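In the two complexes below, chain A is the common chain; its partner is chain B in one and chain C in the other.
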Partner chain A sequence: MTDVKKGGRRKKDPARKLICVYLIPAVWIAFALINALLPARAYSDRERRSLAQFPSAENGAVLDGRFEEGFEEYAKDQVAGRDALMSAYCAVKSATFNRENGGVYRCADGYLMDMPKVPGEKLPSAYSALLRACDIWQDITLLAVPAAADVCSDLLPGYAREGTQDRLEAFSELTDKLPSSVNVCDVRDALLKAYEGGTQVYYRTDHHWTSAGAYEAYKELMKLWGMEAKEYKLLPVCGGFGGTLAAKYGTALKTDTIDIPVPDRMPMILVRISGQTGYTTTIYDMDAVDGPDPYTVFMGGNYGEVTIKTSHKGAGKLLVFKDSYFNALLPYLLDDFEEITFIDPRFYDGDATLLASQYRDRKVLVCYSRNTFLEDNSFTLVIEQ
Partner chain B sequence: MVFSSLTFLLYFLPTLWLVYYLCPASFKNGVLLVASLFFYAWGEPVYLLLMLFSIMMNYAFGALIGRAKEAAVTDADNKLIRLHLGLAVAANLSLLGLFKYAGFFTGVLGHIVPVEEIEVALPIGISFYTFQALSYVVDVAGGGVKPQRNLLSFALYITMFPQLIAGPIVVYKEMQDQLGDHPVTSAKLRRGMWRFIIGLGKKVLLANPMGQLFTMISECGEWSFGFTWIGAAAFTLQIYYDFSGYSDMAMGLGEMFGFKFPVNFNAPYTAKSVTDFWRRWHITLSSWFRDYVYIPLGGNRGGVKKHIRNLLIVWLLTGFWHGAGWNFMLWGVYYGVLLVLEKYVWGSRIEAHPVIGHIYTMFIVIVGWVIFAFTDMGSMGRFLAGMFGAGGFSMTAGIAGAAGSVTMGRILSGYGVTFALCLIGVLKGTGRFLKNLYKKHAYITVAWLLAVLVLCLMALVHDSYNPFLYFRF
Partner chain C sequence: MKRTGYIIGPLIACMLTAGCAKEEDRYKEAREYMSSMEAIAVEEVVAYQREQTAKPSQTVTQEQTAQEPDTPEQITQEPIRPDTQPATQEAQTDDNPVTDEDPDIETTTEEIPTEPAPSAKTKEQVKEEAMAAWSAQVAEGNISLLSSEEHANLLSKLSGTVFVGDSVTQALVTEGMVPESMVFFKRGVLLKEITPYVEAAASVFPEKVVFFKGLGDVDHEDPVSYCEKYAALVNLLRERVPGVKIYICALLPPSNAVAAAREDLARSWMFDDQLRAWCPTADVTYIDLHWMVSQPLYLADGIHFNKIFYNLWLKYVTAVVTDWEDVLV
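Entry: the complex of A and B
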C-alpha cells in the first residue's frame, strides 16, 4: 500500500483494486436495493401531487405496453431520495447560471415565477362562454387576474422580461373585443402600484396572489360597482409556506407567509358546499395550514358550487364563476353581500338551465386568473350545456 | 427499454449483474439471452415474435448454406449456395421492407395509383439486427465463416441487448469467437463501467439539454440567422452526444459481460474532410455498407463512372437506412455527391489545408444535420433558408407560447454552460485527458464517475425530456 512507483505494481494493491473496480458497482447495487425495498409513497407534499404507484399488469397491460409505461413513471416517482435529488439538481442548475427549471424562472428577491400564457389567434373558449352568459345575465364583471410575471416583471431575469408588454397588450386586445355590457375590471395597474409601493402582492413560491394583492382587486371592484371598500387588517396564519411554484422549480428560494384578512366586525356567515350535508360558519380551513397545500386555508380548496349566506339582509346577491384566485378575494366580499354563490366550472356537475333560472337576476362576477381564462374549457361546458 | 431510463439503471441492470455474476459459467449465455429478450420485449412485446422469427430464419439459412458449402464440388453446387444466399438476403430485406418501408412506398405509390398507405409501427432496432443477420449469412456463404450450430449462441448474437436497439452494428465475424468464451475480468469490468458512465453522461447531461435547445428553437418558428445557426449547432451536438453516448454505453455494457465491441465513433467533429468525417462517424455502419454493398458492387474497380455509380448507390441506401423518408434519402445523396466531389475534384486541395478543411467539413456536416432533422421538407427548406439570412437577423423570437419568448439571453443562461462543455467534449484532447486520468489517477476517476452518475440520476428524476432518437433507424 505504501509507495507505488511503477504502474505494473499498482495492480497488486488489493484495496486499490477494490475501490477502482468494485466501489461503483457496489454503491450502484446498494442504491438499487434500497430503492427497491423502500415503501412507495402515495403523495408528495413537496410536489403537491399523487405519485405513481406500481402499475397493474392485468387486462393485457403488459402486452400493449401500458404496464411498462406505468412502471417507468413508477420508477421515476418512487426513486429513493427523490426530494433531495431534486433540490440538489436545482442547486447544480443555479450554479451553472441556469435560471429556469421545470418551466419556472428563478427571479430576483427570492421570487419564483412561471411564464403566463399568451392569447393566441383563436379566441379562448371562456370568451365565448362569457358572450353566452351575457344573454342570461345583465350585470357581468370580468376580473382576470394577471400573473406575477405580468405585474412584477422587473424581478424576472432580463431576458424573460422582453415579452411582457406584448403579452399585456394581447390580453387587452382580447378584453377590448368583449361587448360593452361586460364590465372589465383591470386590476393590473392597481397591483403594480401596490407592488411598487412595497406591498407583496404575489407569493414568492406560489402562483397565487397574496391577501394583500387580492385586497387591491377588491378596492377596484368596489370602485367599479359604486360600493364602498372596507378596511381590513391582515393576520398571519401560516409561515414557511412553499407553494406550487417551489414544487415545480424543485425548491423554495425564500418561503412565504399566508395572511388572512380580518375586518373590524366579523359578519355571521353560513357556508353550504353543494353535495355536502350541513353548514359551516367559516370560510377558513385552519387544518390546511399544516397540510400539503396551505393555500387551501381559503375555503379548504375548490368546490363545484358553494353558497354563503351572511347576516347582511338586503345587501345584494352575487354569483361568481371562479378559479382558485377567487378564494383569496372572497373574505373581502362577505361584508358586502347578503348571499354569494360561487361556481368553479372545473368541478361543477350541476345543471346549466337550472343555474340560469335559479340565479337569474344576480350580479355576476367572473374571477379567473388570466391563464385559466385563456386555457380552461369547463366554463363553456357549464354555460352552454 | 432504453439505457437512459430509471427502469434500466435501477432495476434491470443491477438485477442482471447479480444474476449474471453469481450464476455458473455454463448458464451465463442463457441468462444474457433471457435478459436481452426481456429488454427487447419491454414496451413492445409483440415485436419479439418478429425478432425470434428473424433469428430462426437466419439460423436455418446459415445451416443450409453451410451444408451446401461443405458438399460443394461442382459449379452447380456453388449455384445452390448462391441461391440460398439470395433467398436469405431477399427474406431479410423483405422483412425490413415490410416493417420499415411499406408505409413510405405505399404512401408514394398512393400519389400515382389508388392504394391505401400501410401503417406499420416500426419495430425498434430492426435495422440494426437485420444488418447483423445479413452479415452472418453473407459471411457464411463467402467470408470463410462457419455456421453457428448452437442456436442459443446465434440467438444471443442477434439479440444481445447492449447493441440491440442502437448499435454498434457488430458483424458476426467479430463475435464468433467471443460467443462461446467471454470471461469477465476485473480490468474489463472497470473499463466497462468507465465507458458506460461516460456514455450515460453524454446522453443525459449533454445530449438531452442540446435536444431541448433545438426543440425550443425549432418550435418558436422565428428562424432568423442567429437562431437557426444556434439550433443547427445544438442538433449537431445533440445527435453526436446521443449516438456516441449510446455507443459508449453499449461498449461499456458489452465489456461488463466480457464482450468487446468495435469502436463506433472517433472524434468525428475534428474531421478535416467529409471523407474523414465518415471514417469517424458511425464507423460500424460505414464499414457494413463498404463490406456488404460497396465492395460487392465493384467498389472503385471498373472505372470512374462505375465508381461514382457505386458511391451514389451506397449513400442513397445509407440515407434510406436512417429512416423511411425523403429527407433521409436527400441526406444520403448529399453525402454521396460530396464524397464523389472530394474523391475527384477538391479532396487533395482540402487535405492540404487542415484549418480550412475543418471549417468546410463542419459547415457541410451542420447543414447535413438540418436535412436529417426535419422530416417535413417545407420546414427544412425554411430553416435552411434562415441559416442563409432569409429569416432576418432578429435576436428575439417574440411571443412563443407558454414557455415565454426565446431570446439570446435565455439561451445563454439556460444552455451556455452545457454548450461550452459540449464543445470541449468534441475535441480529441478531451478523450485523451480522460484516458490519461483513467490510467494514472484511478481514485479521481472513480470520484468523477460517481459524480456523473449522481448528476445523471438527478437529471433523469427531474427532467421529462429524454428522447430516444433511433426509433426511425
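Entry: the complex of A and C
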C-alpha cells in the first residue's frame, strides 16, 4: 500500500525515482553513446561473415527505402556487445530444446547442418557458365559436392529429413541436362558408403567435408579419369575445431579434429599465388591451426588464382574453377599432375579471354559445393566476360 | 582435509598438463610435416624440377633405342637419318619386302648425305619469310590480329618467360596479350628504380626475361649510364637465376609529331644505338623493333602503342625467344 499524504497525493518513492528518472535513461544514453562511438566492425570472427556497414544515402536511396533497410541491417550488425548477446540468445534457445537456430539444425551426434538448396525452375547461373566453358574446353568434369544433410540425413531431426530424396533427384535432373561433353563426377554414393562404414566425411560444426571425405571424392575422380588413386596417411593437425555452422548456430556441441593427408614422399612443389611475389613450397598455412578458422590450414584461404608446379613432368595440367571445398581435395592431386591452376571466381579479377587462351589445352575441373553451384554467379561473371 | 588438498590439487594440475602434452603430441607429426614442407628452399625445388624436366628426353631416347631392333620395318621407312642408312639398307636386303616395292626410298636415302643440316637453314628461311610477311603487313597497315587459338599457341611457347618494364610493358596486360603473372612493371619507372621489379621477376625463376622500356630514362640519363644501369640489372638477374636468358627490346622513338615537339625525346636514338652496341658484349639479345614501328600504331600521346602493335609484338618477340621454332606468321 502506498503511503497517502494529506490531500490524497501519493508520497514519492525515492528508489523508484532513482530507477525510472535517472538509472534507466542513463543506461539507454550510455548504450547509445557506446554504439555511436565504437568503430564499425567489418567482419565477425564469431559468425564468419562480413558485417553490414553504414548505408549510402545517395542516388535516391532514402526515398526508395534502401537507406532504411540498410540502416536496419547496420544497426543489427553493429550493436555493441553483439557477440555476447548472440551467445546468450543461443544458450537460451538450446536450453529450451529448440533444435534450429539461424537456419542451422542441431542433429544427432553433435552435428550441426544447414538445409541444402534445391534447384529451382530457373537454371542456375553456374550451369550457364559451364555451358560457356564447353565452348572453350573439351575436357570438363563437374564435381558438385553434396552437403552433409544429403549424405548423413539420418542425423537430421525427423521433421527435417523430408525432402532429402527430392533434393537429390532434382540435382540429378539438373546435371542430366548438361551436354555429354561434361563428365559429372557424382560422389554422393561414395561419401554415403564411407559414412555408413564409419568414416567421418563431414565436420560436425562446419559446412566443409573432412580430408577423409575429400579422399573419397579423389578416388571417384581418378576412376572417372582413368588414373590410379594414390594412398595417403591422414594425420591430425589440430583439434577443437568449431566451424561456420557453430558460428551460425551460436555454439559447437562437439568439436572436431582436422587431418591433413600425407603422401609417401614430400611433394616438391612451387606455389604461386596471384598478387604475391615469388613462390612458396607449401600448400599449408601453419598459423591457421591456432586461428579462428583452422580449415584455412589448407592454402591459407581462398585466392583469385593459384598455380602449383609439381615435379611430375609430363603428367598433364589441370585447371580448376573452385570454391573452398577444393582446398581439402588439393593435397591429393599434387602427385597426379604436372601443373594445377585453380581459380576462385569470387576473387578472380583477371582477364577471362586471356584465361581461355592461357589454359586452353588443359583438363578442367569445376569443383563446387552443390549450394555454391546453385547460388553463386561469380563463375558466370568470369567465364562470360 | 587441507593436506589432501595439497596432494589432490597438484595431482590434477599434473594430469591436465600431461593431457595437454599428449594432445599436442597427437599433432606433432602433421605439424612437423607441414614445417618441413614450408622449409624447403624455392631454389632447391627449382633445381629439382629442372632436373626432372631434363630426364624424360633421355628416357625417350633410351626407349627408342630399345625399340629399334624390334621394329626394323619402321627404320626402313624413315628416310631421315643418314647415320642409319647402312642399317636400313642391310635390313632391306635381308628380309624386308618394302625395298622391292618402293625403290624410291633408296634414291632418297642416297641424296641425304649431300644436303646441309636442314634445321639451321630452315630457321633462317623461316625468319626471312616471317619478317618479310610482317614487314609487308606493317607497310600496308594490315597487321593480322591473333585468333584465340593463335594466342593460346603463343602463350604456351612463352611459358617460363617474363617481361619487365614500365608502361609500355604494362600494356601487355592492359591489352590482354599476356597474363599479369608474367609481367613485372611499374608505370613510369626509371632504370635506376626498377630493381625491385627485376627482383620480383627473379623470384619466379624464369627461363627468359624480356625487358621492354619506354622513353622515361631519356630525360634522366646519358647513353653510357643507361647501359651501365642495364648491366647492373643483368648481373643481378644472372646472380639470382643462373642460366637465365636475357633479352632487351629496342628503345623505340616517339612519333614524328612528338619528336618534332620534344627535342629531349627525339634523342632516344643515341640511347638505342648505345644499347644495340652494348648488348652483344654482355651476352644479351637485343630485339630490334624499329622495323615494326609505323605512325598509325602510336596512341594519341605519340609515346605508347596500340593493341595492333602489341599483336605483332607478341608474335615477333615469341619468335625471337623461341629461336624461330614453329613461327606464327
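Operating definition for what follows: the second predicted complex is superposed on the first by the 298 of 385 C-alpha atoms of A that agree within 3 Å, B and C clash if a C-alpha of one lies under 4 Å from a C-alpha of the other, contacts with A are read in each partner's own complex, and residues count from 1 in each chain.
What we mean here is this: a contact is a pair of C-beta atoms (placed from the backbone, for glycine too) under 8 Å apart; a residue touches a chain by one contact, two chains touch by 3 or more.
Just so you know, these numbers come straight off a predicted model, no measurement behind them.
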So in the superposed three-chain picture, is A:Leu123 touching just chain B, just chain C, both, or none of them (first/second/both/neither)? neither
Give one of first, second, both or neither to describe whether A:Met227 is in contact with chain B, with chain C, with both, or with none. neither
Tell me which partner touches more residues of chain A in the superposed arrangement, chain B or chain C. B
Is A:Val92 touching the first partner chain B, the second partner chain C, both, or neither of them? first
Would you sort A:Ala40 into first (chain B), second (chain C), both or neither based on which partner it touches? neither
Chain B to chain A touching residues, read off their complex: 5-7, 10-11, 13-15, 17-18, 42-46, 186, 189-190, 193, 197, 396, 398-405, 407-410, 412-418, 439, 442-443, 445-446, 449-450, 453-455, 457-462
Partner chain A, residues of chain C touching it in the complex: 23, 26-27, 29-31, 33-38, 40-42, 44-46, 48-49, 52-53, 55-56, 148-149, 151-152, 155-156, 176, 178-181, 200, 203-205
Residue set of chain A touching chain B in the complex reads 7, 10, 16-17, 19-21, 23-25, 27-29, 31-33, 35-36, 62-63, 65, 68-69, 71-72, 75-76, 79, 82, 85-86, 88-89, 92, 96-103, 105, 115, 117-118, 157-160, 162-163, 166-167, 170, 250
Chain C-touching residues of chain A, taken from the complex the two chains share: 235-239, 259-260, 262, 266-270, 272, 274, 277-284, 286, 289, 297, 305, 307, 309-314, 350-351, 353-354, 356-358, 360-361
